[in-house]
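Take a look at these structures.
First chain A sits with chain B, and in the next complex the same chain sits with chain C.
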Partner chain A sequence: MADTPILVMKGIRKTFDKSVALDDVSFELNAREIHGLLGGNGAGKTTLMNILYGLYKKDSGEISLHEKKINISSPRDALHKHIGMVHQHFLQITSFTVLENIVLGTEIHNKYSMDLSVEATKIQALQNRFNLAVDLNISIGDLPMGTRQKVEILKALYRGAEILILDEPTTNLTPQEVDDLFKSLRVMVDQDLSIVFITHKLREVLSVCDRISVLRNGRNVVTLKRDEANEEAFVRGMVGDEMDIQNSVIFSRGKSGQIGAEHIRAEVCLHLDQVQLASQGSVPRLKDISFKLRHGEILGIAGVAGNGQRDLAEVILGITLPTGGKVELDAKDILAMPTNQRLESGIAYIPEDRLLDGFLPKASVAHNLILGFHRKAPYSSGGFINWNTVHRTAAELIKTYNIKTSGPSDVGGNLSGGNIQRVLIARAFSKPANLLVAHNPTRGLDIPSMDFVYSRILEEKKKGLATLLISEDLDELLLLCDRIAVLYRGELVGTLDRSKFEKYEIGRMMSGYRAEE
Partner chain B sequence: MTGIETPLILYAKLILLTMVPFVLASQGTMLGGRTGVFNVAQEGIMLVSASIGFLVSFYSKSLTIGVISAMLVGGLFGLALAYFTTHLKMDQFVIGLALFFIGVGLSTLLPKLMIGVTLTPPLIPTLKDIPIPLLSKIPFIGEIFFNQNILVYGAVLVSVFLWWFLYKTSFGLSLRSTGEYPQAADSLGISVTTMRYLTAIVGGALIGIAGVYLPMVYTGTFTDGMVKGRGWLAIALTFFGGWKPINILIGSLFFAGIEVLSYKVQVSGSGIPYQFLLMLPYLATILVMVFTFKRSTIPGFLGQNYDREKRSL
Partner chain C sequence: MTIMAKSKPTILNTLIPYVAAILIALAAVGVFIALMGFDVLKAYYTILFTSFRTPNGFIQTLLKFIPLVLQAYAFTVPLAAGKFNIGGEGQLIVGAIGAAAVGILLPDLPPLLLIPLVLLGGIVAGALWGFIPGWLLYKFNINEILTTVLLNFVSFALINYVATGPWRDPAAGHPTTIPIGRGGYLPLLVDNPPLHAGIIIALLVAVAVYFYTTRSTAGYELVATGANPRAAGVFGINVKYMFVLSIVIAGGIGGLSGAIEVSGVQHRLIEGLQHNFLVLGLIIGLIAKGNNMAVPFVAFFIAVLEVGASAMQRTLMIPVEMVFIVEALVLLFVLLSDVVRRK
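Presenting the complex of A and B:
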């Protein structure tokens, strides 16, 4: 392996309005290597690569390719320089076929009839070479995520990419699909490609990368060869000195054997019986969902995004009404109860889409912290809001939950994603609850914030809180849950106890195979 | 020519004639929408193009120059829409409504300034029917389809051309991608801005011809508010036709049929209020949208501006 870098980025700086996303960052890519770009959320990994791909303009810094200084001001420039990028959120047009998506924007042989047979033949050759089989004539919206990922990679290869950037490519993939992806990457590197692999998952970089660079808060931390490095160094690089790694949930839970099963009580908190939700069309959105969740228990709901997770959460909260079945809270039928009463009777909710469902970006932090409880004492009396109490409580919550803000009257939209999530968690935990429904509670959070959320959930579990943890992050579920149920196309295909947790088994269930009884 | 012209033939011929402003204005709307530019100023653009096109024809004594000037006016309004929404990233509906009002205002102001108030309206000659050799001699069909004015032929050709262009060329594929998902198009090196300017201008020009058609075929002069809601109907028709050129062409036959019917009802004294008939196209559009909602063919980013560096949390 040649050690002269083919690509060098030096002194890159990028600001968005007043916030500095990248500060004097450097990056080097060697020929035929898989280079992991590791860091928590907001570390600047994607921003750095978006600059390389021409999507963002850098404020300052230099990029050189094959020892020649280059200027990339649009994705078109990047493609000309044989740089390809696979984005975390697939940039695909769902109403077009796979073939149309791949050839879009390239020179087409029969450009006045759209007979794409010449292109199809070329793509098939690529598919064989890199082991990326996809049916070209299917509408792309009908394909599962793992296959759509292959299409994204084919798009880049078809444009002659020699440097391939993959941004969080394993999001939404089952463990089996991740393995397949890693195999394909190896084939590409063997055939002279160089790959940048962006991820926040340490295990992934360790299993597939040759070299790893760590970013934190928009700065370089360290670059190490895979075999020179130990896990500890990377963890420290990602989280910095602020976090107590030894006592963290993420890095120490389970190592001592203590997982908290002793806190599970006999009383059932939430009971769903044969819950149905019919959609307007033909496919049912939820089908025969039945489970019991006990006090002090954490039940995980695993599954690839879009398999009914949101509907499940909304049925329990009463945002959506089921078309059949029963929902009981502490042995009381709550189907007739409107959402605000359910919240008052002890359900706490962390919604999936924090900006859409859980947060008012134009209201103050204090408003956001009491949202939903603002009609009740102590915040309100006789229809008037008692702002002194609100601000005092808000100030306390800001302190307890370590929310980075200038104060209770700061505008919500000024907060970063991680701090918005802290507001939602503070709100969910700020009054006594016996059931927590948390949907992707750590999506987009940095590691210390994630750990904070985990420790809060585990603490409340000790006090008897029942938690329904709906998450697309399998590692998170494996870390926290007492049981994991898998949701596939609106149905629970199986439930596993902690003693039987096995990544690949869950992965199989996520693609629709029923659990072996 | 046998000399036997049944009322049915006349009626069919009239529908084709009436179809033209609907076809052109809707194809213009559709073209812009396919890249994400949602024009809602049709009514205003048609009025101002009719007004200026008429004035230019009147003074230049040439209908051709009149049509060209209407295209330029329409294209200019399209350019303004594109500039305010792609460069300044202003709300498309707000700009569209502003352009509508500007169009309406200019359309009445300019004739007053240039011609003033006269007892007898100034007139231009109307477009003549051009029989197509041989084809126009076919019984029934020949008179209906092949003895029309040039813009009737033009409207059909434009529709077929747009279908071929959008679905059978690589440029059309790129163009459609910018309206479906501009991020995806941009990431593949397709310029969203160029596409939006291009379709907004060409679309505006088509709407301009739709406007000038009215004085050139119906009245020979410009009267205030003569577009009479056809611009708004064109938006409805675009949805009715599912943003597809051929479906829009077919849909405009239906819209034109109702317009012709409403004239007939007015003179026949049948007791059906003609306002009821004028409402039918809107009703039909709503029904079509209700029933085709699942297989919606509306461009994914219709009416939404694209900003490359905008970060989503």
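Presenting the complex of A and C:
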């Protein structure tokens, strides 16, 4: 009985406008298993599960549950069939308590008095059964991400989910919280739940899943049991045959340890001294930030999202002015310098929020590729833009960075998220720079593109580029950085050298513990 | 995800919704004209061909075209930066006042000096009038739609004050000033029927706006600001400055349209010289969807309709308002075509 699938998806096809997101994809889920759904960005993992959860309508294919064909029209319908999903970005009301968030939108026993004790008892039973301890009476805004995730899982379980879909559940969790989550998942399958675990991180599926399916470009690649397969097979499945794995940064760098330390030069490129940024409220946005970043060095800024990363980047770029402290570039005070001059004096910037901060959807791809450099030669001279040069350069960048677009005059809004990210990266690397401030530079990219970005950063490092790599992806930081500093509530709680990199130590600092010096 | 190549928009593809919108609008109005008992085909013929049948009709059309195209640019230039200038009317009036003031105060200058000074007076006055909402936006973040509209009302009072003040022409029954110096009259390109040189200025403005917005660095910053002000700011463009600049430029263009009315048409300041140019300018800008290349063509089309409308009223006794309805319907259908295409 154990190997009869309770859920079968067969021949699923889904197109958005003219692009094919899923093509003849099949998926099976057994009872009491954790099934990993692995693939790079744009592989179609989330699309497939959104179809199962009733968020998207499939174009063709069939779904059967317990050997009965079903049709899922909406998330409500999915929950009715005991399928629940936890999304990557939680939809929680921060001023409500945990209990209120869980019961929100469900039938409440004492509707008029809002006495939730009946519901609380039910939830406590679930908590005991699945070992998911959370205090129900705390407002949710005060909780760390790992706990908020548990609430989200409880929400699905409270609604009767027996099949639980987790979409990239480890985003924004510290390594400790990830371990915790994995333990809970084990308890849940022991208690008769079945889980689909969507991720792009190979290590995670290998450590927690029973079976693993790999998707690439909207197609099935392979489904294997955990113990039948080796890492190599999954890597191939994810990246395809074209990528040179041996020479890739992602798959080879970690093994050879210290690479690139010899490129670090003595000259300091960026120096922040006691930088403060007060906010209207009581908690400062940045507090006493001091660090030196040398030429040829990559300094990582780790931290859970929303701990001041964006403010830090914007203070360096001059978009936000600090309320105290000094910012020096190559030993020159740049506090009084406006953003455009900072960009001209050699700071390249890849902003975090590509749509809001980095892209002109209504302008052409060529417009986008020169944003920030548009006043400088060779793009402009005497107050006029040299569109011939711009278009020629844009065409080259489109080719080098594999941007999928009809050409330099294509309207930016026609590009997909991953391609917009490529535009931002192409722009940042299109001019020689002294300092690169990159905030989540590989978000939304597939693995070969991520690898390309990493190799570009390392190449420029050899030439003396100083990089401030602000990232929520700890693996990315561990892979590339010479040092990692951890940002917690606007403060740097510690800095580690590459020789002392340790995931759990960084994880502790990400939740606010100071490093022992 | 695989991205398929999108079909490239050809000129034909872009024109189809416009032609369709015009046909549907004309058909809709035809129903009303027929119900009112007039000859529909004759009405169509008059509306569309008056401009092209006689030299007089064509010159009338060009004279209408001048203020319309300038008013349309006063709207579309700030629109490129994402700002709405609804103050073209006030900028025209204040520009006319500035032009008239120069022309009245320096009546004896030769044309070579006075014409440029009169035009400049209009441009500067209009730009200053545009600077007020620009500054309020820059300093206090006050919505420019509100301030530009309200300043139109202020300009009505201002022209009334000037035209009934010390420069008043006592012989006129309507608030009017004495004429500007002869040297300030725009020269005529054609004597009979008269066509003044304003048409050349209007075409020069069209070329300048086109080059400014598509070729210059400042124009690039204007477009970037309009496309995404936040990203433009992150990459070093002083967005607030661009907002102000765009409204000041628009004010200058609006002021120029007022100066041309004074120096080319009226030769004096007359209350009411703004007609309904603002509303038509907005309609032109919106039908052109803010595309500065398309503005002159749309403006010419609207000028044809306007001239046809007057002729229709004169010869067929059909009220000119019928043509306003056509213009409004064309705009509605063009906007609607976007919605239809998205579905």
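Everything that follows uses one rule, which is that the second predicted complex is superposed on the first by the 512 of 517 C-alpha atoms of A that agree within 3 Å, B and C clash if a C-alpha of one lies under 4 Å from a C-alpha of the other, contacts with A are read in each partner's own complex, and residues count from 1 in each chain.
In this section, a residue touches a chain if its C-beta (ideal position, glycine included) is under 8 Å from a C-beta of that chain, and two chains touch if they have at least 3 such contacts.
Note that the structure is a prediction, hence the values are computed from the model and not measured.
**Student:** Identify whether chain B and chain C fit side by side or clash on chain A in the overlaid structures.
**Tutor:** fit
**Student:** First (chain B), second (chain C), both or neither: which does A:Asn217 touch?
**Tutor:** Only chain C; A:Asn217 stays clear of chain B.
**Student:** May I ask you to decide whether A:Ser113 touches chain B, chain C, both, or neither, giving the answer as first, second, both or neither?
**Tutor:** In the superposition, A:Ser113 contacts chain B only.
**Student:** Specify the angle subtended at the CA centre of chain A by the CA centres of chain B and chain C, expressed in degrees to the nearest 10.
**Tutor:** Placing chain A at the corner, the angle measures out to 50 degrees.
**Student:** After superposition on the shared chain, which partner residues are touched by A:Leu371: those of chain B (first), chain C (second), both, or neither?
**Tutor:** Only chain C is touched by A:Leu371; chain B is not.
**Student:** Of the partners chain B and chain C, which touch A:Lys155 in the superposed model: first, second, both, neither?
**Tutor:** first
**Student:** Determine, under the contact definition given at the top, whether A:Tyr56 touches first (chain B), second (chain C), both, or neither.
**Tutor:** It touches chain B, and chain C stays clear.
**Student:** A:Asp357 contacts which: chain B (first), chain C (second), both, neither?
**Tutor:** Touch status of A:Asp357: second partner only.
**Student:** Which partner chains sit in contact with A:Gly105 here, chain B, chain C, both or neither? Use first/second/both/neither.
**Tutor:** first
**Student:** Tell me the contact category for A:Gly464 with respect to chain B and chain C: first, second, both or neither.
**Tutor:** A:Gly464 sits against neither chain B nor chain C.
**Student:** Counting residues of chain A in contact, which comes out ahead: chain B or chain C?
**Tutor:** Touched residues of chain A are more numerous for C.
**Student:** Once the two structures sit on chain A together, report how near the CA atoms of chain B get to those of chain C, whole Å.
**Tutor:** 10
**Student:** Would you mind listing the overlap between the chain B footprint and the chain C footprint on chain A?
**Tutor:** Correct list for chain A: 16.
**Student:** Residues of chain C touching chain A in their complex?
**Tutor:** 1-6, 8, 215-221, 223-224, 226-228, 230-238
**Student:** Taking the touch rule as given, give the residues of chain A at its contact with chain C in the complex, in rising order.
**Tutor:** Answer in residue numbers: 16, 18-21, 42, 44, 217-218, 314, 317, 319, 338-344, 349, 351, 356-363, 367, 370-372, 374-375, 380, 383-385, 387, 404-406, 412, 414, 416, 418-419.
**Student:** Quick one: in the complex, what on chain A touches chain B?
**Tutor:** Within the complex, chain A touches chain B at residues 16, 53, 55-57, 74-76, 79, 85, 87, 91-96, 100-101, 103-108, 111-114, 155, 159, 281, 354-355, 417, 420, 444.
**Student:** Using the touch definition from the top, list the residues of chain B that touch chain A in their complex.
**Tutor:** Touching chain A from chain B are residues 167-174, 177, 180-181, 183-191, 294, 300, 308-309, 311, 313.
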